[in-house]
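As written, the chain order gives the labels A, B, C and D, with residue 1 at the start of each chain.
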């Protein structure tokens, strides 16, 4: 979230599209009700299903899954044509005026530079035209034909309400109602918040779904404001934290990236990460990359990281492919290219697409380690559970270890929620049986590996043996110790250049924040964006002072919010070029002539002049990007592509069905079904009674939603002679499941391009372990393809068929 | 505008001796004696409180755990009840149907209790000690790493990469666990490494 | 007619067989149980009666089972005697002279058979009330409701249950009234109780209250063989 | 076994004694704003956990309502109704939290034959006293909302207590505490009525002209009230009683029949005694015996 859960109450319009907050985040939904009661805010829900969110919405519009981009580009077109643009904001705070280099083209759903064989773009042609001053050329008048604004206008031109209706199945009048409501928030005193989640990410063009809304929010001037923003509702309690801390194949904590093979040495690596400003005087904060990177290496390798060895740069693995994400991992496993796998509190057998492939892949491992507080399906993938998990243990040669871990109740530490709040919690219970904390287990694995290498030597032991290990009890590192490591600390005294003799930094002290990190090895910091969470002031994550002056929803003294305890990102953009808030009633920070101050920590240098230094300090441009150059694999602007499995042909580019830049593995392309055999558009989703595959282990939740079911419209039920509460078989190209049928008015067939599209809703949550009735996993059906940019599997749009059937053999 | 006695006040109430004022607050003014006999005794009295965060979704609701025994003093502690933290800015004491049932997650019948191993080709779990389990896993990891570690690529560039063993990090472990995991995984050169962000 | 004093024991006449008496007393006992347990739930002031059963819970538990026993035993008696209780002309005459009945002037009453009109009324009223109580009772009893739903496929709605409760209560009151009459008559008309204890009455009792029955007995069985009527010596 | 001081309790089942001057200064109420309810079932979950109840895992029968009805363990239940509004043409998902309404004039209490098994506290809570309950199920028949359920395990009646144990310590009921959207609110009845007016006016501005408070006078008002967007059609919400009142049948059963019955039975007994006193027993005379003898000897 750019804003926070406690900021939602400040909005005038909530657009829930690509999510279902009432269902998946009930307690976060509170803010919406409050905004409605206190400021008369409206709630609009756009979703293929009439969800729990829709049940309390002011307006609901149906949309066919996987067509959000068409809808949103249509809204952008509506705003531009009806002059519903926050002009001052758009002109000054976005790259609307930037001039794109010649040679860029777009036609039939493809941008210039596409290589069909590689399913990839050469993105060079998407950069700005650079002037002799070395900066990007701009045309503040927005007249230049190749300025981003005109390219955007041109790009969205074709997305008329009629086309939107053809593609999305959203009736024109409903679309226009929504478009109008959204466009009204271009007024300086109105803000819209976009609350989205996996309904946007789990598509082969997920990133572009979100980009599209970001573009809209920028031209409406809703970014950085109270009650505005792009609010990604993260799924899990600490998935934000795990991502912040770089627990991904190609990441380093704080969104730094691992070197690739081309980064042959430290210099090359840093050279590619200069992030020079593209406009005069702009901040381009990533220029400090080196400070964060070196401080990270120091916290990893301590004294072993020296200037001489480039701070142990070579200790880091270098990537040969873009990412070793889960889909690639299971593809490799399936090809027998992997021997070991460790699952920490994760249930891939139920979570990843194409369950049969996942099961087969796990069976090709030498060893599988599962750390979990619950008896997961994954740990039992080798067991035979009849229809739910057919297997013959004798044939499965994988050694499986199940290690009992603690739950939240028995563990201490911090979790980062969607608001980017790092909240500390304390253990209140004794772990059951022999359960241990994950920290202890990971430490033990490392220590034992280290001992083996110390004893026997082996392949490149250095990085293991030299791993910095500053813990009082080496065998059992404590949360507070690690938190201090993450925050960062000073390794050497640093003199203050302005006042000689005075120390800028004092050895052994915690750093106050990332502002003081250095690239000379005098500071260490595990994760720069978390710096400040545990400094000399103490454990700021444990703060529990809930005062909130003037009820802005900032709560600056509650826990710690990254970065720098800032509650609303880009909050500088809430003020105009004179530093005055666009809307005085919505003030967050303000320029008083010398400096910025207000309710929140300014997202800009306190003394940065409002008329010269632009708000988006993380970009080289200093402004928000309507247009992206190389950063998006699949285009500088979003384009509507159909899901890889779609009931209709792509109206705007019949030759291109799925995202042309999305990675598809060989075997999987053949595993896509067609509308001929699989006529119905399926979507998977969560129910409020359950959380993924854990809560089925909880007797109460198992009772509240006891059994696997699918939801279909009354029309489809009639057509297929399916009774409510009876058994149905649903099958896709990947597999087949049996479920109870819930026949509902909340799902209705849609008319798309003259074709009736029936939707089959498939909740996740059931498996063959736990207190609930045994059930098939929705992932038995889902396709094995991910988003072009970050490989999120396409769970929200695929094809199935359905028929009445008999109860499962094993009940 | 729920009537909610602030948590601190509430704690006073649950302390020794039911505060008549509070009882009065809801019309039981003259009833203590009768209540003592007819109404179920307040089950949270005399339990230890611990602040925690709901482990499910990303709202990060504050919860208060009520336990028999206090682990901070080294006692054996067992959770008896879990409820929303009224002081929390986001959930203000409320919880969803999952959070409200956290107690039964903690005491779920299908919790793992002991290190177990399932040997290749067998159809059963066998229990082992932590030392046995961890030593075996470490050995398996090292053997695989030594066999498949890629120190340099074909161009002779140092890549120090290990891709034949992978790790899936969790989604509900603490940031501290996450960083510890990161250190252990990356120091081994592991790159087949991901988390649950996408699902 | 001439009167003469009679010395020597009176004639005894057999009125009820052993099985009939057993049947009657099973019914009587279950009725009393029903009465007490029923009344204890009927009015707060009578709740104390539940004490006799060791509390309201037991009373609640016992009542329906006693009810079943009563219904079954009543059925036995019904088939045994319903022929003798069929109405006849003299019943009307008898009823017309109710004044004499109440004043005990049997001499002004027509000769009646084994049962007079009053007894017949008792018989037939109960014959109606018992099934009513049984059915409505089932509707107030969890196992009864379950049974009806399973075997009869009839699920009593809440409103039907309410109606059942009302009818059950009113029928119960009626039944108790009839029972009071029945018991009182047995006490008031001396020599009657023997009929249900020893099974015999004196000839005089028969002569006075059921003369036609007495005659029939004599005619049917005489005095020598099958001594249903035993002369006193 | 439970003895109440007069002021504690307003009504007590099957008891002639009622308190002389109950202190009704503080009446409590739960207000359920159906228009704010997202049907998340947190209330159900919280109720089970707070009251240490266990509801067995059932099956899906094609609806979201689980369990499918109130049970001795499920004292509150979300009931889901999909309704196409004929005037607006919009689909409305009407979700109602069902449970004890804590009537001011409680039918259950009226029907209960067991002294003290059901009591009504001065604050309006209608509570079941397990110790006194005999499990007859009359409360089920007396309730205008079909709420109480009899356990077939311990043969006692169960329903929402309005968390009387929490209230006693100044804590609101578990369901209200848990409710994420404050669709369930709790306070004094006066406060809740005032709150309801606010909510209703907001609903009216949102185009629900028929929005209103559900506080049925037929049962003297309730201590659990609803704000409905369609207050004119409560039955839309999973058959919420349109104009609930204690069934006239129950009134008759527990009123007239009770007293009339007692009267006639008593009278009958008296008549018998009187008759006996006046007339004395109806004896068989020697003459009768003689006649019988003669008849037996066939002399006539």
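Keep in mind that, in the parts below, a residue touches a chain if its C-beta (ideal position, glycine included) is under 8 Å from a C-beta of that chain, and two chains touch if they have at least 3 such contacts.
Because the structure is a prediction, the values reported are computed rather than measured.
Colleague: Using CA atom means as chain centres, which chain is nearest the centre of all the protein shown?
Modeller: B
Colleague: Which whole number of Å gives the spacing of the CA centres of chain C and chain D?
Modeller: Computed value for the inter-centroid distance: 39 Å.
Colleague: Based only on mean CA positions, could you tell me how far chain A sits from chain D in angstrom?
Modeller: Distance between chain centres, rounded to whole Å: 50 Å.
Colleague: With chain centres defined as C-alpha means, what is the inter-centre distance between chain B and chain C in Å?
Modeller: 72
Colleague: Rounded to the nearest whole Å, what is the centre-to-centre distance of chain A and chain B, using the mean of the C-alpha atoms as each centre?
Modeller: Chain centroid spacing, chain A to chain B, equals 23 Å.
Colleague: Which chain A residues reach two or more other chains?
Modeller: 26-27, 30, 688-689, 699-701, 704, 771
Colleague: Residues of chain B that touch two or more other chains: which are they?
Modeller: Where chain B meets two or more other chains at a single residue, that happens at 82, 91, 94-101, 104.
Colleague: Note the residues in chain C that touch 2 or more other chains, in rising order.
Modeller: Residue numbers touching two or more other chains: none in chain C.
Colleague: If you go through all the chains, which pairs of them touch?
Modeller: Between chains, contact exists in these pairs: A-B, A-D, B-D, C-D.
Colleague: For chain D, which residues are in contact with chain A within the complex?
Modeller: 35-42, 44-45, 48-49, 54-64, 66-67, 82, 84, 90-93, 95, 180-182, 202, 205-206
Colleague: Mind pulling up the chain D residues that touch chain C in the complex?
Modeller: 14-16, 113-115, 132, 134-138, 140-141, 146, 150, 152, 155, 247, 249-250, 252-253, 257-258, 260-262, 264-265, 268-269, 272, 275-276, 279, 281-293, 295-298
Colleague: Taking the touch rule as given, give the residues of chain D at its contact with chain B in the complex, in rising order.
Modeller: 1-5, 7-9, 23-28, 40-42, 44-46, 48-50, 52, 119, 121-124, 127, 129, 161, 164-172, 174, 176-180, 182, 185-188, 191, 195
Colleague: Over in the complex, which chain B residues touch chain D? Could you list them?
Modeller: Interface residues on chain B, with respect to chain D: 1-5, 9-10, 13-14, 18-19, 21-31, 33-35, 37-43, 81-84, 91, 93-101, 103-104.
Colleague: Applying the document's contact rule, which stretches of chain B touch chain A when the two form their complex?
Modeller: These residues of chain B touch chain A: 48-62, 65, 67, 69, 71-72, 76-79, 82, 87-92, 94-102, 104-106, 108-123, 125, 130, 133-142, 144-146, 148-149, 151, 153, 155, 157-199.
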